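Take a look at the structure set out below.
The chains carry the letters A, B, C and D, assigned in the order they are written, with residues numbered from 1 in each.
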Amino acid sequence: MPNVIILVLIPFLPLASFLILGLFGKSIFRNTSGLAGTLSLFVSFLLSIYTSFGYFFEYGKANGIYQKLVPLKLSWLEFSNGLSIDMGIILDPISVMMIMVVTFISLMVHIYSLTYMKGEERFSTYYSYLSLFTFSMLGLVLSSNIFQIYIFWELVGVSSFLLIGFYYNKPSAVAASKKAFIVTRFADLGFLIGILVLSFYSGTLDFNTLIQRLTSPGSGELKTAVTTSFLGISALNWGLALVFMGGAGKSALFPLHIWLPDAMEGPTPVSALIHAATMVVAGVYLVARLFPVLALSAPEVLELITLVGVITALIAALIACTQTDIKRVLAYSTMSQIGFMMFALGVSGYGGSNGIGFTASMFHLFTHALFKALLFLGAGSVIHYVHSNEMKDMGGLKKHLPITHITFLIACLAIAGVPPFSGFFSKEGILLAAYEHNPAVFWLALATSGLTAYYMFRLYFRIFWYKASQQHKHHGEGGFAMMLPLILLAVGAAVAGFIPFGRFVSSDGSLLTLPFHWLFSIAPVTLGLLGIFSAMVLFKKENGKADQISSFMSRVYKLVYHKFYVDEIYLFITRKVLFSMVGRPAAWIDRNIIDGLVNLSGATTKAVSERIKVIQSGKVQHYGLYFLFGVIGLGVLLIYVIKF
Amino acid sequence: MQPGIYHLLLISTALFFIGVYGFFTRRNLITMLMSIELILNSVNINFIAFNKYLWANKLDGVLFTIFIMAIAAAEAAVAIAIIINLYRSRQSIDVKHAEELKW
Amino acid sequence: MEINDFFILMKGELFLAVMIFLLLFIKVGKGMQNASLLTLIQVLLFVNFLVSLTFNREGVLFGDMFITNSLVAFQKSILSLGTFLISLLSTDWLKKHSHLPEFFLLMFSSLLGMFFLISSGNLLMFYLSLELATIPVAALANFDLEKRKSSEAAMKLILSSAFSSGILLFGISLFYGATGTINFSQLPGHINASAMQILAFVFLASAFGFKLSAVPFHFWTADVYEGSPIAVTSFLSVISKGSMAFIFLTVLYKVFQPLSEVWYALLMILSLATMFIGNLFALRQQNIKRFLAFSSIAQVGFILMGMSSNADMGLASVVYFVLIYVFSNLAAFGVVSVISAHTGKEHINDYKGLYQTNPFLSWTLALALFSLAGIPPTAGFFGKLFLLAAGASKGHYWFVIFAALNLVISLYYYLNIVRVMFMDKSRHPIQSIKNNRAANFALGICLAGIVLIGLVSWFYEYIQTLM
Amino acid sequence: MNLTLLIIAPLITAVTMLLMRNAQQVKWTSLVGSAIQLVLAFALLFVFQNERSAGNTEQMLFQQNYTWFSAWNIHFHVGVDGISVAMILLTAFVVIAGVLVSWNVQKMVKEFYLMLILLSIGAYGFFLSLDLFLLFFFLEIAVLPKFLLIGIWGSGEKEYSANKLALMLMGGSALVLVGLLGVYFAGSERTFDLLKLSRLPIPQETQRLLFPLLFAGFGVFTALFPFHTWVPDGHSSAPTAGSMFLAGISMKLGGYGCLRVATYILPEGAKEYSTIIIALAAIAILYGAFATMMQKDLKYINAYSSVSHCGFVLLGIGMLTKTAITGAVIQMVSHGLMTALFFAVIGMIYDRTHTRSVKKLGGLLKVMPFITTIFFIVGLCSLGLPGFSGFVAEMTVFMGSWERPEIPYRVATIAACMSIVVTAVYILRAIGQTAMGPVTEERYMTLKDASWNEKLAAVILITGIVVIGVAPFWLNDLVAPGAHHIIEKISQLNN
């Protein structure tokens, strides 16, 4: 059985490093905070390797099926009727895979940042934030309780916020961090309500119990959840769709994606860690976690997921073709790839060979983490060199940055789905699942994968070729600390595809072999090569062709370049509707009407007081008159009106 | 016709309202004081009438009347003293000149 | 009737009468300095207070004309204590006054009248003592002889009270006509709710309303309070009002019990009108005496509310409230009189920044006002609350709600004074006043009363045992 | 444990302070006094937990009952359950933080600290009272010091605000008074005793009549819409410690009263009006949040956000489920600590920059990292970040609210949930503008970071926030049995 202390240490080492660096980073660990953080994470990484070995090869299986183990469960906050938030650790194939991914990528980023962030004034703060993020992300993937996952969900959100806004002097960074937090918060609103709905109908917050109750066909909980409906949609579907909304926000799915490109304001290693490899796939992870319920009891929601996924994949790929900020291109490409993972889940069935989509999605998550982190770190190295994010400042860098160039190329090939790089295998699985399930999705996905190859290579050529090599007066390529992660990741990106992923991860824990039909692969590979070729034609040398094409389709180009004006729509809604139509009136009403009423009551009293002062006229005869009136009035009242 | 209690009460009531009217309309403080005396006298008539016609065996009413007269005299004495003092400061005993305290 | 009874039962009255004679002799002899005379009088007043506390027995004198019991004795001791405190508080003013013996002569006469008033067992006695209590006060009101306002105030008081006596007497005469008796112990058997008796009762009640300054019989109050010397104002507002509240209780609860429904309605109307009008007028006042006049009118509204309960708790809480009211109002008037005697300032705005120069006076006034406003931990809180509770016992919640809202309005103007003293700044604040010991002592007693009478439940429990 | 100690200790502190000669002595006396309060509060928690774990399931522990006014059947009756213990702890925390934060008060120091201690007496007494008369007595005691605190040591339109606050609160307590008298006369026995009253059968008609009076009366204190308008003015004009006490303690008096008095004694009334309560609460939550979004003054931001946050308290109470009421109490504690800290931070910023305008501030993180970090923490707590108390409270309220399946309750819950987004918007806006971005004015560069007293105050409050946030089960276990007792009668009605 798993060693609980080791399991607990995996997330808690980064937590400890966060606390220590946060409290003493400026004093005791002034110079060594980077090393301290990296070391603690390294231990954590080793422990997670140990754990995953243990899980996959020793105790994880029972009867040939990977079990969902919960070696630790502490009651944290108990509500009524068996509803309680537990702090637990769940071990199943996907969580074990995720801790591997998270610790590994995080370790790479830690190492990379040692050089990249050197000389920053808030170096230790940076590392403490990184540790916080790592802790939260590990907590998220290990959560055994849906509320626990929500808690860590929020924590990764806030660490993302802190890291995006790390350069807090830059107004654009501040704006981006706010945007990221608020948009995901909006999505979390859905998540929260979804949790409330699910917990109400399932009577539990525990994942295993929840899944068990909502998938076993005879259970009373499932029955009420399916039969109760609101606006014609069953409660179960509402709950799951709302939970998915949370996932969509965090994973930057259309239309909640607008924060991700802006999030690139953060330091590049952060983008690699959070906004490429780990946090943004939390949504995918969440859907995967609830996959049994979705697949068995709520196929409608799966369709929604497919739809959103495929739209996101396509739109993001289109936008990526037009962007000029290299990190933004990568951001859109991340979006697009997450779309792939999402719809792969959407088109997947549950159990056995039906679950190809599931396995492929997780596989893609895994490989994507490697090559996308690599791309970002490579881009970071480029940015480190030229001190700019803009393509126009780049070109012809292949001589200056040889290692970056090679690793970047490997990553591009992987993402473009060129065999035998890792991306090829995972994407192949996804396409296959889509093909079997829904041809329309397949065709769209196919087109998108072609586009992927195009825009990635556009990026590649634009950075490393395009112009003649220029002499930069800057320093060299960044040194060992920056190159080591690049190389390690490049190796991973190149060979990870050969992992027999289905043997570890499948929808129901049973063993699965991802089918491979080389005939099927012809179309995507050809398309990918076509994309690469056209990118080469347009961008290998500086020529006007690309501009000609864009001016030829200027309308469409503009639409895509401006990201389909989604940001503007949001801006309109928040500025014009929420601020002007709700916020301002609310504030105005409060000050003028409600408070006005309070003041009015005071003013009325005063006015009445002023008005009636004339009766105290100072004339003693008037007083006598009032006296008499009073007597007579009271007499009349008591004798004739009230009548005793 | 023998005058009965109603006649007397009529007189007293009339006297009461004459007094009240005088108190409300006269501007001279002394006259106002006299109007109050009229009110008191109407009460006296009441007491006497009730005593004579209704409760002839109890002398309360008559006694009360005597006391009222005595008190009225005392009251008038103090009031006139005050009015004299008022006259010193204002050179007038018109009630219109004593309306400074108001509101 | 034994001679012994006479001396014991009427000891307070006799003591006062002796003091009055003493003062007359002193006046004729002209043998004493103001200061020493004042000290003598203060000591005598304190003895008077002690006398009223001791050897109390129940009894009846002069064929039901004069009634006394432990409750009445306690009420008398409240009045004595109040008079004693007033004499201490106005030391500075009185020392300079050229007619000191007359002042106390009149005040003692009035106090004697009040003693008889609350002991009276007969409408004749009631009328006589009422006049004895009122007429000297009218003369007292004129005691700032050279001030225009003072004589105007006295004129208004004497004319209004004469008018009100006229109405009262008319009512009494009607009762006499209807029942043939003026004796309190015989009246209840003859009283019924016929139209004439109700009318007579309203006439009678108007006189009580007049002396208590209940709306709409209150108009004289503010003018007289403003114009009179502060010592007289405080006497009027505390002692005179207190004695009237006591006798009103006796009359309502004992004599007019058969009309209890009528007077419940009457009290309810009067109480609401009194609170409301008193508050509305108080809001606007700039002269602190006039302000206190209206505030005390509003207080009467609460007293009437407590009276309306027609039960022992109503009786007890009214007596209790009057006791508290004596301390609170005298503390307030005391501070005002000290300031007025030293600086002649009576405008509220003159009090700006008072706290900076005179913290003790400010705290005293503030606590007094808190007590009047009914804010804990001052005794006023308990007094008000018991009055409201007594008023609520009949279950007319809207009555209580209205009263409670009036509490809020009253809080506004009480806090306004506190605000002026503590928060506002002034270029020319009132100078630091070196107060004499007597006044400080009196203020100290008042403060102790304000704090202790509420928190220490013994006082209330004691009053309750007197019922 | 002798509960009267909790009233006597501050009383002695106050008296000692009166005897002190100079400002320094006064400050130290009050600090020692408030530290003793804190120790006492913890001692209470400790012995309370001991009693409970020893199996004492009596509803109220450590009761003391002395007759006060026998004629009215008024008793000095004190006792605590978990809810009171939680509130007392909160008070002790806020008091010591308030004392520490006001270390630099220059004007009328003795009076200032006297007011603070007086206020704490009122609060302790209120939370301890089991006799409604006593409770009302302490409720009113707690009002006046606020008036003086704002009026004398405040800023801006302080006199207007002080007046408004005092009058509105007194208006509220006037309603409470009427309600109390009604309850007193409505039962078959004339008593103010809370425990007895809760067992007396009060006719439904009477409950229907009295409940709104009591609830609205207490509601004024806790910013029940639409009686909340004293909150922005009062808070913005008050001195730092005044705001802390106001929002941290005084607003909780109302919530506690709504719960302990209105809901507990008049369960049928509560049931009758629960839809109205939750509607008002939901309005307060959302409307307060939206109004906050438009504010430009930091204090106004926190004041309006308090309206919004206190809406959760009322929402929890209005839901009438055990979980929701537990959540409401946790929210009271949490909001008390958090908002006190928030005001403390605002005070620190204002003391240094002399402005509270969001527009004029900027880049403070660079200048005063400690203060800004607290600002971050408190902001994140306010927007309900896990790990801080706000999250626990809100989630408990949500979970409890969701137990009511009827449509109006669902709508209110969802509306309340929506506030988590709006809250994020205004908090981030405030933080982003003031703490982040470039430093807007040159003079800010020379400002000093927090001094020892400010740091200590902040650390004390943050400890509370974080402990609740990380280990909510303590507070939950403390509060839930109390909530159970309050809800007991209502659940009997339901069945």
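We take it that contacts are C-beta pairs under 8 Å (C-beta built on N, C-alpha and C of every residue); 3 or more make two chains touch, one makes a residue touch a chain.
Bear in mind that the values here come from a model prediction, so they are computed numbers and not experimental data.
Chemist: Spelling it out: a chain qualifies if it touches chain A and also touches chain D; which chains qualify?
Modeler: C
Chemist: Can you check which chain pair, B-C or A-C, has more C-beta pairs in contact?
Modeler: B-C
Chemist: Please tell me the distance, in whole Å, between the geometric centres of chain B and chain C computed from their C-alpha atoms.
Modeler: 27
Chemist: So, what's the distance in Å between the C-alpha centres of chain D and chain B?
Modeler: 65
Chemist: Centre to centre, by mean C-alpha position, how many angstrom separate chain A and chain C?
Modeler: Chain centres of chain A and chain C, defined by C-alpha means, are spaced 77 Å apart.
Chemist: Please report how many Å separate the Cα centroid of chain C from that of chain D, as a whole number.
Modeler: 42
Chemist: Touching two or more other chains, which residues of chain A qualify?
Modeler: Those would be 602, 613, 616, 618, 620, 624, 628.
Chemist: Please output the residue numbers of chain D that touch at least 2 other chains, ranges allowed.
Modeler: 167
Chemist: Could you list the positions in chain B whose residues touch two or more of the other chains?
Modeler: As it turns out, chain B has residues touching two or more other chains at 23, 32, 98-103.
Chemist: If two chains touch, include that pair; go through all of them.
Modeler: Inter-chain contacts occur between A-B, A-C, A-D, B-C, C-D.
Chemist: Under the touch definition given earlier, write down the residues of chain C that touch chain B in their complex.
Modeler: 124, 127-128, 131, 135, 138-139, 142, 145-149, 151-156, 158-159, 162-163, 165-167, 169-170, 172-174, 176-177, 180-182, 222-223, 226-227, 284
Chemist: Quick one: which bits of chain B touch chain A in the complex? Just the residue numbers, please.
Modeler: 20, 23-25, 32, 95-96, 98-103
Chemist: Which part of chain D faces chain A closely enough to touch in the complex?
Modeler: Residues in contact with chain A: 164, 167-168, 226, 228-230, 232-233, 287, 290-291, 293-295, 304, 321-323, 363, 365-366, 380, 383-387, 391-392, 395-396, 398-400, 402-403, 405, 413-414, 417-418, 420-421, 424-425, 428-429, 432, 435-438, 472-473, 476, 480.
Chemist: Give every residue of chain A touching chain B within the complex, in rising order.
Modeler: 613-614, 616-621, 624-625, 628
Chemist: Considering only the defined contacts, which chain A positions touch chain D in the complex?
Modeler: 75-80, 83, 85, 147, 150-152, 154-155, 158, 161, 165, 168-169, 171, 174-175, 177-178, 181-182, 185-186, 188-189, 192-193, 196-197, 199-200, 578-579, 582-584, 586-587, 590, 594-595, 597-598, 602
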